[in-house]
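Heads up, there are several structures right after this.
Each of the next two complexes has subunit A plus one more chain, namely subunit B in the first and subunit C in the second.
Let's look at the complex of A and B:
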């Protein structure tokens, strides 16, 4: 809207001129500004400058009006707002009026001069005799003579008190009232005069009727008569459509542009008046009528970009008008019902968005037109309309092109070729994308308030396209990443595909190989909904395959690329890996069967170079290489599960879990894919309802529903059993016999040492296993071992056990036992350990 | 006059379960996917308006430039959408217990209620089929043929 002239955007304000007593002009101007309605002032410093407000004598009513060179004069509104006063206030000092004959003659001379000047324009006249205070006499004869000379009413000849504050205020108010009244009268008379000329029908061109109605509307605006103004503007607009109805008129691009510029001004006035009177629905209807009337009048094909520029400008301006002129309260549903106007059409963002769409259309049509222009244009031709101001003048009529001042007055208008050349070269400098982005940003600000989430994402798509065209690929990628998330979530495949295509291109331009591959693969793995989509996605996949196999260089060359696919990745359609152990528990060292199922939704078969399956026990990791000779086929057919069965040997007890699979594509591309269990597998949202797809990753239905990627690895069987038997519960201070049995399983024990320790345990954890500790036995009890005396008496004594006990050779599956005694048992735990054997086991006491 | 139309049935999760482009207007690059974008964006309005009107069919519920969106919803808690072109005087919609319908159409003179009923009947037939998985795309060639025939008759 800022592109439109000020005099069109703001309502006109009556203009009054002041002459004489220049020291009072500031006070009077300020006072007139505060009047309701305000009055602008044109202060003339002395009587010699009065001529500037003069004008030529108006043509008589009966005079025939020739066909005009244009519809609306370019500076008409500006002239009436700043140069042509409706009323002139002449201020004379009382001393001059009452003075000697020479002074009186000077006053009369000035008055006559003023009357002569304003006669041509019919400007109203007010004479004010200025005196400092109320005290003092004014010569009534002179005043009457003055009034008679100026042919004024009594009220138009007033006394102005300048030095008494109270009286000054009163004088200013009175002067303002008189000036306002006379200004209204002036504009009314001007309007009547124009109407009379219009009714005389001394014209043949409809443009004259358009111009006269526009003038009457503008005069009505001066009077604040909005209803009349609206009526005249609407009439002017209707008449303008009649001008357009002549096909011959629409052939010249200059003519089309001019008439559309006039239509724009008329429409602006009508819309502004409708909106400011609270008729929003009518304003929207008028706008739709305006667009529908001129949409088809695009002019010659080479200038169609100017037409889209105009259409876009109309939407932009109307959006601004709605933004500033619409009441804050939402329009009720009852008002909208049956009006054919939707709530969306009352939002400024709607028009900004459409204006941005037309901006894109303007760019496309211009690019085509400019290519043709460059092919056929004379390279030596000069843009004559791009000269300096002294050579190129502003247009005389609204919507016309600049004039070449060096030519004769009749030939100052540019020829159609010169006009098109100038338009082409000017348009080439225009930042289309930036302008579209600004419009979309404004639309986004408006839509944010309405929480139109999906529309905001559509705006994001449009902004992304414009950033892409402007070469700002980072911004484009950021926006498309955001909007793609929305379309993934709601599974709008076509829209997601459109976003991904732009993302591919942005990644390519930014040299992001990994992202390029990701977007390409995701695009290729989307469901195909039309043949055109099939073709485009096949192209995407072909690009990817060429890139990963090295036949086509990736954006950043030969750097290895590692893609990651987790359970929520958008690349799940590219490769999905499901694993299921055939057993739920397994012994260490024992083999168990694992089914690895691979699925791709790419449109063509995908051949994996090799496949690595990784577990939480690294020793179990395995690698499969594609080799038909060895029966390992890693070629995945589209939408079909590829099932591989492998044997896994767990080496450690605990949980054995398959974590991820790494597939190699081409020379330097790997895909690390998180594996899923068949039982808990979430289907791909894009493909879960697709027909004719194998839904189960494994054929065995039990595994399909219960199969897990985790298997429990049990503890190994002990090779040595140690049993401790106390024979019963002992009393405090009692000596208790403890028997220790050692049994070998499967192999012989060559030698060993038995360590027995005693620890005190709390009652609640008496049966929890504890690691024997040599140092912890000191407190609670003592262990004695029976031993014979060396004196040959054969008597056996109990010796306190210390250190470790030697174990003799025990055959395979044989046993050895010994006895010890425990003194003063409390709540104790006796534990034993066999040292220097490969396995260890203990039974609690 | 070249006309074009887009007919979409939107499922419970706001995902399209059936889409078809109708009409003879040449598809320009710049207009690629525009219909789908407009229909998707119109769901915002549909969700709001569906709670404020009594009618199941909402003609011209949203607009984008020359594209007019109309909607039909079987339940007020589950609004549907429909859309039409410039100079359109009729529109159609499909209603299903668990689906939304979005359509964009241009028409000659037609009674919108007739076309709407026929589209509704078609949709009911396909969606009440016991072999149809709720939420899955409608891929029946017969359904597609009949929708296009109805669109040619009533909308284009």
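Let's look at the complex of A and C:
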């Protein structure tokens, strides 16, 4: 909006001129400026300068108006705001008026001179006779003579008290009131005068009607009559559309540009007045009408970039108007209902964003037009319109090009070739991308206040494109990385693909080989949507992938590329690895089967050079090499699981977990891929919505749903098992039979000692593993062993046992049993922790 | 003229998008449809805030986009239908009727036992049917 002239952007303020008594001018000017409505002042230091406000005599009403050279005069508004006062206040000193005849004659002469000057413009006149205080008389005869000479009403000839503060204030207020009233009258009369000329219809060109209506609107604005101003501006706009009745393509570029510049000014006035009167919905409707009326009037094709510049400018300016003119309170839905206007259209960001789109269109069309221009233009031709100010003057009419002052007045306008050359060369200097980025930034600021998240990401996309075109690849990459996240999250394939295309290019420009490869692979692994007409996978992309997976050596000095694919990586479509142990638990040293399933969504078969599977136990790591001779096929077909079965032998007890797989693509690229369990596998976010039938990583249904990448490796099998069987619960003080079985596993036991002890355990601790303590156990129970009496009676007695029990030879996989008795004098339970005891004792053996 | 129709899933993922504009502007419609989801969210948020129950699936004009107008329709299961048109003077009733027919076609295609709900619609029959609905709307 700052590009528009000040006199268009701000409402006009009535202009009054002051002449005589220059020492009072600052005071009067300040007072008039604070009037409601304010009045601007043109202070003329002395009577000799009065001529500057003079003008030519207006043409008689009946005079025929020739076809104009333009629609609106370029400096008309500026002239009426700063040079053509509505009213002139002439200040005479009382001493001068009352003075001697010479002084009186001078006063009369000044007055006559002033009247002659302002006669042509119909400027109103006020005469103020200045005296310091109320004291002192004014010669009434001379005052009357003055009034008569100037043909003034009584109220237009006033006394101005300059030195009494109270009276000065009163005088200033009175002067302001009179000047305001007369200014209002002046603008009304001017408007009537224009209307009368319009009604005479002494014109044939509609441009005149446009101009006259514009003037009447502007005069109404001087009077602060906004409703009338709006009506005249709307009429002018409608008439301008009639001027455009001829097809725009058949008119010269200069003509089309001029008419659209006039339309812009009229539209600006209408929109401003509507917005300032609180009619936002009407303003939006008017804007839509404005764009609909002129958008198709693009003019000749070589100048179409100027048309898009104009359309974009309309949106930009309207966005600014909405931003400054719209009330902060949101428009109620009741107002919007049935109006055809949405809340979005009341947001400035909406227009900034569209303006940025047109800026991009402007750049594209200009690049095409400039290529053609360069081909056909004379390379020696000079841009005459870019000359110094003394040679090139501003245009006479709104929207017209500069004038070549060195030529005759009729030939000062540039020829079409000169105009086009100037436009092309000027446009070449224009920073399109920077301007678009600024617009998008403004739109972003506006949208941040709303919930329009996706629109903000779209703005990011547009901004990224502009950074890319401006060669700011780092900024472009940063933005596209951000927006790509959003499109990944919501699985919008085409939008992600478009972002990835740019990301590939930015990575290429920035020399980021790894990123370039990642973006290329991700792009290639996206679903190809049959219903989409967007051709995404270019031949170039296929070539890139072929080069990666090929056998070409890297250029000198270039490091191999190591890609990482974790469970949330966007590259999961490129390669995902799923592993499932066929068993849940395994003994150390025993072999267990593992299914390794590999999947790629790349459009072409992917041949892995070799594949390493890594576990948390390094000894279990294995490497597979692609070799058809050895039955190891590592060629992955698109969208099909490649299932490999391998045997793993765990070495240590505990947990054996498969961590990741490293695949080699060609000679230069490795992919480290985190593995998943079939049971907890998350599908690829893009491919989960694809209609293709879902296949499982493992054929076995149980493994497909429950398979894990972890297997439990149990403890090593003991060499000797010792079991203690207490025979159940014993009573207090009862002697309980305890049988001890020793069983050897896999080898013979030559001899051994068995230490038996009884420990007191809490009842809830009965089954917990516990190493017996010989020291404390002795007190809780006594152990007896049966012994046959040597007297030959064959009776067996129980002998208290102490020390170690001798174990005889036990052959491989054989067993030996013995019995002991436990006498329990206190509340003691025989420990049932036989496994632990046996283990402990086995170690002793 | 109807330029594009689209169906968007419950997770805001595209289920179907068909453009009738031709040329290289298809990507633009993807952006337009995606941005229209903001307005679905806004409308849902307003309804939640005001405690209003949405009795009508037709959400009316969502927003204008340069030369287009974007209309929306949401099923009870939060599947969204979007229509992009270049005709600025359409009647709401006509668009509502269009959406109802479009919705019926969607119900039919999802009733196919071979279709998995939530997956992208790739049925050529559905595509032809949508084309017929659009052409019978008198815009093709």
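A few remarks follow.
We take it that the second predicted complex is superposed on the first by the 685 of 845 C-alpha atoms of A that agree within 3 Å, B and C clash if a C-alpha of one lies under 4 Å from a C-alpha of the other, contacts with A are read in each partner's own complex, and residues count from 1 in each chain.
Throughout what follows, a residue touches a chain if its C-beta (ideal position, glycine included) is under 8 Å from a C-beta of that chain, and two chains touch if they have at least 3 such contacts.
The model shown is predicted, which means the values in this text are computed figures rather than measured ones.
Of the two partner chains, both subunit B and subunit C are touched by A:491. Legend: residue contacts after superposition of the two complexes on their common chain; A:154 is shown touching neither subunit B nor subunit C.
Of the two partner chains placed by superposition, subunit B and subunit C are both touched by A:454.
In the superposition on chain A, A:618 makes contact with neither subunit B nor subunit C. When the shared chain is aligned, subunit B and subunit C each come close enough to touch A:689. After overlaying the two complexes on the shared chain, residue contacts for A:364 are found with subunit B alone; subunit C is out of touch. Residue overlap on subunit A between its contacts with subunit B in one complex and with subunit C in the other: 340, 342, 344-345, 350, 354, 357, 451-455, 458, 461, 490-495, 498, 527, 529, 689-691.
Residue ranges on subunit A touching subunit B, taken from their complex, read 333, 340, 342-345, 350, 353-354, 357, 360-361, 364, 451-455, 457-458, 461, 487, 490-495, 498, 527, 529, 688-691.
By the touch rule above, subunit A contacts subunit C in their complex via residues 292, 340, 342, 344-345, 350, 354, 357, 450-455, 458, 461, 490-495, 498, 527, 529-534, 689-691.
Here subunit C touches subunit A in the complex through residues 9, 11-19, 26-27, 30-31, 34-35, 37-39, 41-42, 45, 61-64, 66, 88, 115-116, 118-122, 127, going by the rule given at the top. Within the complex formed with subunit A, the residues of subunit B that make contact are 13-16, 19, 30, 32-33, 36-38, 40-45, 49, 52, 60-65, 133, 135-137, 139.
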